[in-house]
Every structure is written in structure tokens, then in C-alpha cells.
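One chain, chain A, links the two complexes that follow: it is found with chain B in the first and with chain C in the second.
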Partner chain A sequence: MNTINTYTAFGLIFSSEIEIPEFLPAIGEAQVSITLGNVPANISGNLTEGFRFQISKNEFIIRFKPWASFYVCNGDKIIIEPEQDSDERDVRVFLISSVIAILLHQRGLLPLHASGIKVNNKAVLFSANSGIGKSTISLALNRKYGYPLIADDITVISEKEGRPIVHSSFPSAKLWQESVDLLGISNEGLQYIRKDVFKYRYDNRPDFFNGILDPLIVFVLENTDDEIVEINEVKGIEKFNVLRAHIFRLRMVNELYASEHFKLISNLLNCAKCYKILRPKNGNSLDELCSVVQSAILK
Partner chain B sequence: MINENIKIVRKKELLSSRMDNEIVMMHPESGKYFALNPVASRIWELLEEPHTINELVEKLLREFDVTEETCTNEVSVFIEEITEKKLIDIS
Partner chain C sequence: MKKNIVWLASYPKSGNTWCRIFLSNYLNKTDEPSNINKLEIGGIFSSRQIIEENTAYDISELTANECDELRNFAFSKWAENHEENAFLKTHDAYLLLPNGENMFPIESTKAAICFVRNPLDVAVSFANHMATTPEKAAEKMCDSEFCLAASIKKYNQQVRQRLLSWSGHINSWTIQKEFPVLVVRYEDMLENPNNSFKSILDFLNIPFDSEKFIKAIVNSSFEKIKNTEKQIGFKEKPAKCNSFFNVGKSGYYKNILSQESINKIINEHSAVMKKYNYLSPSGDLMI
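For the complex of A and B:
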């Protein structure tokens, strides 16, 4: 029998047979169980198959060879079947991103591909594709203006009585060497997120806010070939489209949760402003980016 | 084809949401999204209650600065389109 650990992340309580040091320890009745066991060969019913995965509205199987297979069902259960000799960091990287994202979808929540900070008790989010600088901008604003961090890669949106709610995720960021340098963080003692992936796992517990917030602004970051940072408020239907494009693992779940997504995005956008920021692909525009964001926040 | 005496109303199961002055809506079964421009959004709002084409035109003429002919044309085209996409019911 394995030891059971209890954690909180994304506004949920998890019981887990594996250690997840990235999550915050918690006390309370778990809503989700993470266990080690056998992943079924197939799921039943009306399913869609993709590269190494099968998905239906309530079940999901994915095989990350040669590391581990995962089974997620009914939004409350994850079974992990690690391959022999797989590194636990490799297993965790998949667990706390793609796998948990599907669990969040199954629970009717909206996992956005976004980092976030807390500004005057409200949430400011930075949505972007991988590699644009979500983690870096949040950490830079935390360093510069003291805003607590709420998420690094996935931010969960839910609703209560028709009002959108933003949930913090967990106090850990994934940073490339370039970001570590830009932020002036010492890489002494930092671990790589995976055995052979040279991206660092950066624990930001002292600067982390754990809890729920009302949304204030969603910034969508994109690269540009230009040399200046450009910011524009997004309005109307474009706002909807821009945000929908940043649903975490949308390509896997497709239209399975379309109604839930529609309601949650509409709710969120009725309460939050949305800006698109184009940032130069080349050179260091981090300071300029911070100023642009800060003035939009203070407006 | 919708003739002018038939009252039409939007399908109950459609989800719609206003984003500034435009409406985005979704058909929950197909998961398809539809975006409406400001005038179409206004027609869509009116269609919460059953209306004939003439009733729609009459109301829109009071709100938008267009000739009756243009308005009738635009309403007809829009109604035809949303009928084809199965977004409305005959009341």
C-alpha cells in the first residue's frame, strides 16, 4: 500500500499515491484520486481516437511512450501506469499538464493556456501559445510590482451563480535558461522539469496566492516581426475567438465540451477586458512589455 | 421559404452571448459557432419573441437609418440564412 498524499491545485483537492512536490499540501476530503494501477486498453462508447490517445465525454486514455500511460474518468479519477524505469519527473510533467487538463474539462471547467497574477484581489491573465513568454511576463511583473502569482501554464475558470471565477493553479513555473537569465534568477539548485528536457522547474511558493479571484483582464500575447510592443483592446466576436483558441488541449477535446466552454468564455468576457499584445520576436522587450501591461492595468 | 405572414422565433436550445455590440451563438448539438454583425444581432435579439418579417422591418426602421427597401432586403437575406442553418423555429 502506498502512502496517500493530499494536495490542492486548480481549486480542487487531490489524493495521490505519487508525490507531487509542485502542488501545495492540503487537508480535506479529496475530489480527485490519483492512483497507480493498470490503464485499460480501450475506452468504451462513443469515442474519438488520436495519436496515442482515446477520448469520450467522460473517459480519456493517453500513452506517453516510453514513460507512462494515463486513464482519466468522470472528472474524479486518474490512474497512472508508469513504464519500467521511467523517471518520476517525466511522469509528473505529463500528469500536471495534459492529463489534469482533461480532468478539468471532464469537470465542466475551462482550463485556459494562461499564466496569471493577482492585482488588487482580481486576476490578470496572460494567454499565449508555448514559447511566447507567459511564465516570464508574470514573474517579471511579480518582481517589479509585487503582484502575487496565481498560475504558470494553466488557469482554470469556473462560474458561480453566473459570475466567472478564476482559480489559482500551483506555485511552480517552467522556465528556459533564457528566462532565468532575463529575470536574474540564480539557477543554482534548480531542477530540470524532465530528465532530458533542459527547462527548469522554479518553485515560487513565497510569491504565490492560493485561492479564487474575480477576473479583471486577459492579455493575449503574440509574436511580431516588428520592433515595438503593440497593444490593442479586442472587442466583439474576435474576443471570443481569441480566447477559444487558447483553451488548453482544445485539439484533443475538440467539440466535446463546446457548450461548457461557450458559457464559461462568454461569462468571463462579460466581466473581463481583453487586450492583444504583439511583442517583438527578437531582442529583449521584457521591460517595455511590463510597462505596457502595467499601464493597461492602471487604466 | 418564409412568407411574410409566418411568425418566426429563435430556437430555444441555442446558446448566445453578447460581446460588445455583436452576438456570438452556438448550436450545442453540432458545436458550431455563429457570429452576428450589429444589425443581425439586433434582429436576433428581437427574435426572442415571435415576429413576422414585416414586424421586424418595422421595428428596425425605427432604430437604424436605412430605407424600407434596404431593410426588407437585408432582413429577408438574414432570415433565409438562419432558416437554412436551422437556427429558428416557425412559431
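For the complex of A and C:
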């Protein structure tokens, strides 16, 4: 009999047969079970196949060769089938990103590819493709102005009585050495996210807010070849399209949850401003970026 | 499945980008010169964006070898959304995955153009490209383990590319039997661009339009694109490199490369240098 751990993340309670030290410990009745077991060979019904994954509205199988296979169903169950000799970090890194993201989609939630901080009891999010600096800007603002981190990489949006709610995720961020250097963090004792992927897992406890918040602003970050940071408010239909493009693992789920996404993004954008920030792709623009964001927050 | 991928394969600094600029000018639908920062000429086989868009994976969570496993699937899918002649630039050597499967989507491949340049000039140009010394560039060209975009410290827009040594790279493309390959020498492109680019169009069965061809030759001339880079920059230029389009001449190494590096390159690559007429059969330099 495996030990059962209980955690909270993304506004949900998980019972898990594997340890997930990145998540916060919790008590209470679990809404999602994570167990070790056999992953089915295929899912049934109307499915789409991708590279080593299959997906339907309520089921998902992905095989990260040679580490583990995962099965996700009905938004409340994840089965992990690790391969022999797989490293637990390899298994976990896929679990707490792509695999749980699909579970969140199955639950009708909106997982955005965004990091976030808490500002005056509201959520400020930074949405961007990988490598643009979501984690770095969130942690830089945390250090500079004391805004607690609420999420890294995935931020979940739901709704209550027609109003959008932002859920915190978990307290750790993934950082390249370059970002560790920019933030002035010592890499002593930091672990890599995987055995052979040299990106650090950085835990920001205790400076983490666990709970729900109203949204304030969504900043969408993009790279530019120019040499200065540029910020523009996004309005109208572009606001919707810009955010839709940053749904986490949108290309895996495609249109499966389009109606849920439409409703949640529309709700979010009714209550939150959206700015697009272009940041120079070369050089260090972190201080300038922090100032631009802080000015927009205080506006 | 479409069989439409055309590989534009080369060791760096061997005329690949020049050819892409020519093809973009020749194949675009307008009379305006192509914008070198928005070339309408397919993609790059190391593009992280194309891999992520066509597989739905976040490859910053994957090892370099795992990324390589995605490339066959990603670029087959990418090619399905392109018409005849889906050009893909690559500096990768033509290699299999460690498990023996194809890294290159050969079922989707029509042909390859392999650009070859005097390795002594490559060393000088590659040094400028990497902001290093010609001697260090020469060492890398003799290193069968050499890779591009192999940094583990930061996010990279490109995935790691295994090049092999200079001659290992050329042999990997020219010896394989999976698809036809046209070898184009950089020096021939310099001496007679009309002949070289016409041979590429003929090889790929692209219809010849003399008016369009002349304009494309003019708009892709070295001086013109070097000037354009000065004015508007070139997004494919590495951050540390001053200019992507540097000197572009043949034999330029003579003023710059040390005799030690010249000897090292000749010793390491003499067979391929002889094959492509950079060395005579008796081992004398031809350029």
C-alpha cells in the first residue's frame, strides 16, 4: 500500500501516491487522485492523436518515453505508469505541467500560460510563450516591491457567480541559469527540474500567496528586435485573441474546450486590463521592464 | 503524405542564407525585393517555434536528444501545410537518432541542396559569426562533437544542432542514399551566380522565368544584402556578431588564418577538400 500525500495547487486538493514537494501540503477531501498503475493502451471514442499522445474531451494519454506514461480522465483522476529506473524528477516535471494542465482543461477551467503576483489583494499576470521571461519578471517584482508570487508558468482562471477568479498554483518557479544570475539568486542547493535538463527549480516560499484573487491586469510579454521596452494597452477583439493564444497546451486540446475557454476569457477580460509589452530580446532590460510594469500597476 | 521538403543543408557560412535570399526573391509573388528579415522561404529545421507548434510540447522541459525525437514528426506535419518545395535550412549533419530511427523526415523529403565552401574561408567567416578567433573556429571545424545552440544556461530559440566536423558534415549529406542531393560550391556561386542558381532551379524542376531570375540575382547580390543588413539589421545574426554578411570573398583566409590552422584544416579534411577541388590531387591548395 503506497503512502497517500495530500496537496493543494490550482485551487484543488490532490491525493497523490507520489510525493510532489513543489505543491503545498493540505488537509481535506481530495478532488483529484494521482495514483500509480497501468495506463490503458488507447482511449476510446472520438479521439485526436498527436506525437505520443491521444486526447478526447474526457480522456488523455501521453507517453514520455522512456520515463513514464500518464492517463488523465474526467478531471479527477491521473494514473502514472513510470518506466523502470525512471527518475522521480523526470516524472514529476511532466505531471505538474502538461498532465495537470489537461486535467484542468477537463474540469472546464482556464489554465493560462502565465506567471503571477499579488498586488493589493488582486492578481497581476504575465502571460507569454516559453523563454520570454514570465518567471523572471514575477520574481524580480517580488524582490523589488514585495509582491508575493501566486503562480509560475500555469495560472488557473475559473468563475464564480459570473465573475472571474484567479487561483494560485504552487510556490516554485523554473529558472535558467541566466535568470538566476539576473535575479541575484545563489544557485547553491538548487535542483535541476530534471536529471538532464539544466533549468533550476526555485522555491519562493514563504513569499507565496495561496488562495483566490480578483484579476487586475494581464501583461502579455513578447520579444522585439528593438532596444527599448514598449507597452500598449490591448483592447477589443485583439484582447480576446491575444489571451486565447496563451492558453496552456492549447495545441494539445485545440477546440475541445472552446466554449468553456470563450466564456472564461470573456469574463476575465471584462474585469481585467490587458497590456502588451515588447521587450528587447537581447541585453538585460529587466530593470526597465520592472519600472514599466510598476507604472502600469499604479496607473 | 506530401514529398515536398527540400533541405538547404550546409556547414555554417557556406552560402545557405544567400541562396535562401535568392529563392525568396525568385519565388515571391511581387516585384519588390524580399525583406531579409521576412524571407518567404520555408523554415529552419532547428526552429523551436515550428517544433512546439507542430507537436504541442514545451521543449524547455526536454533534453536535447528528446527534442531531436520530436523533429521528424514536427517537420512532417509542418510540410503538410506547405506546397511544392517546402524549403528547410539546416546546419545539422544528416544523422539518425541514437535509437536508429530517422531524425529527418525522409518520407516527406523531395531533395537536398548541399552548399560547400573552402573550409579555410569558412574558418574565417565562422570566427566572425561566433565572435571568436579563426584558430578557435578552425578547431571547432575539426571537432566531430561540435554542436550549435548547445548552451545549457539559457533559453534558446533554436534546438541543439549536431554538425560533426566540416568534412563529416558534408559526407553525411552527400553519401546518404535516401533522396537526391545537389552539391553547390560557394565559389561557383560567387564566380557565376547565374549558373549556380539556374542549376538549383533545374534540379528542383522549378520553371525558369528570365525576368524574375535577373531581378532575383540582383536583389540577392552580396553587396546589396550587406547594405540592407547595415540599414535594417538581420534577425538571424547572432547577438555577439557584428555583421552576418561579412566579406563573402573567396581566398580571404590568406590574410587572416594562421599557417598552423591552415595545416590543421588541411590535415583533417584533405579527402573532402580534394573531392571539391580545394586541394589538388597532390595536395596543393587550389584557392
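Note that in this section the second predicted complex is superposed on the first by the 299 of 299 C-alpha atoms of A that agree within 3 Å, B and C clash if a C-alpha of one lies under 4 Å from a C-alpha of the other, contacts with A are read in each partner's own complex, and residues count from 1 in each chain.
By our rule, a residue touches a chain if its C-beta (ideal position, glycine included) is under 8 Å from a C-beta of that chain, and two chains touch if they have at least 3 such contacts.
Predicted model only: the values in this text are computed from it and were never measured.
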item	value
Partner chain in contact with A:G50 - chain B first, chain C second, else both or neither	second
Touched partner set for A:Q191, first chain B, second chain C, both or neither	neither
Contacts of A:S259 with chain B and chain C, given as first, second, both or neither	first
Partner chain in contact with A:F240 - chain B first, chain C second, else both or neither	first
Touched chain A residues, chain B compared with chain C	C
Contacts of A:W176 with chain B and chain C, given as first, second, both or neither	second
First, second, both or neither for A:N58, with chain B first and chain C second	neither
Footprint overlap on chain A, where chain B in one structure and chain C in the other make contact	none
In the complex with chain A, residue positions of chain B that touch it	15, 17-22, 24, 26, 28, 30-31, 33, 35
Of all residues in chain C, those that touch chain A in their complex	37, 48, 52-53, 55-63, 69-70, 73-74, 152-157, 233, 235, 239
Chain C-facing residues of chain A, complex	50-51, 53, 65, 93-94, 97-98, 130-131, 174, 176-178, 193-194, 196-199, 225, 249, 251-252, 282
Residue ranges of chain A in contact with chain B within the complex	235-237, 239-240, 254-255, 258-259, 262-263, 266, 269-270
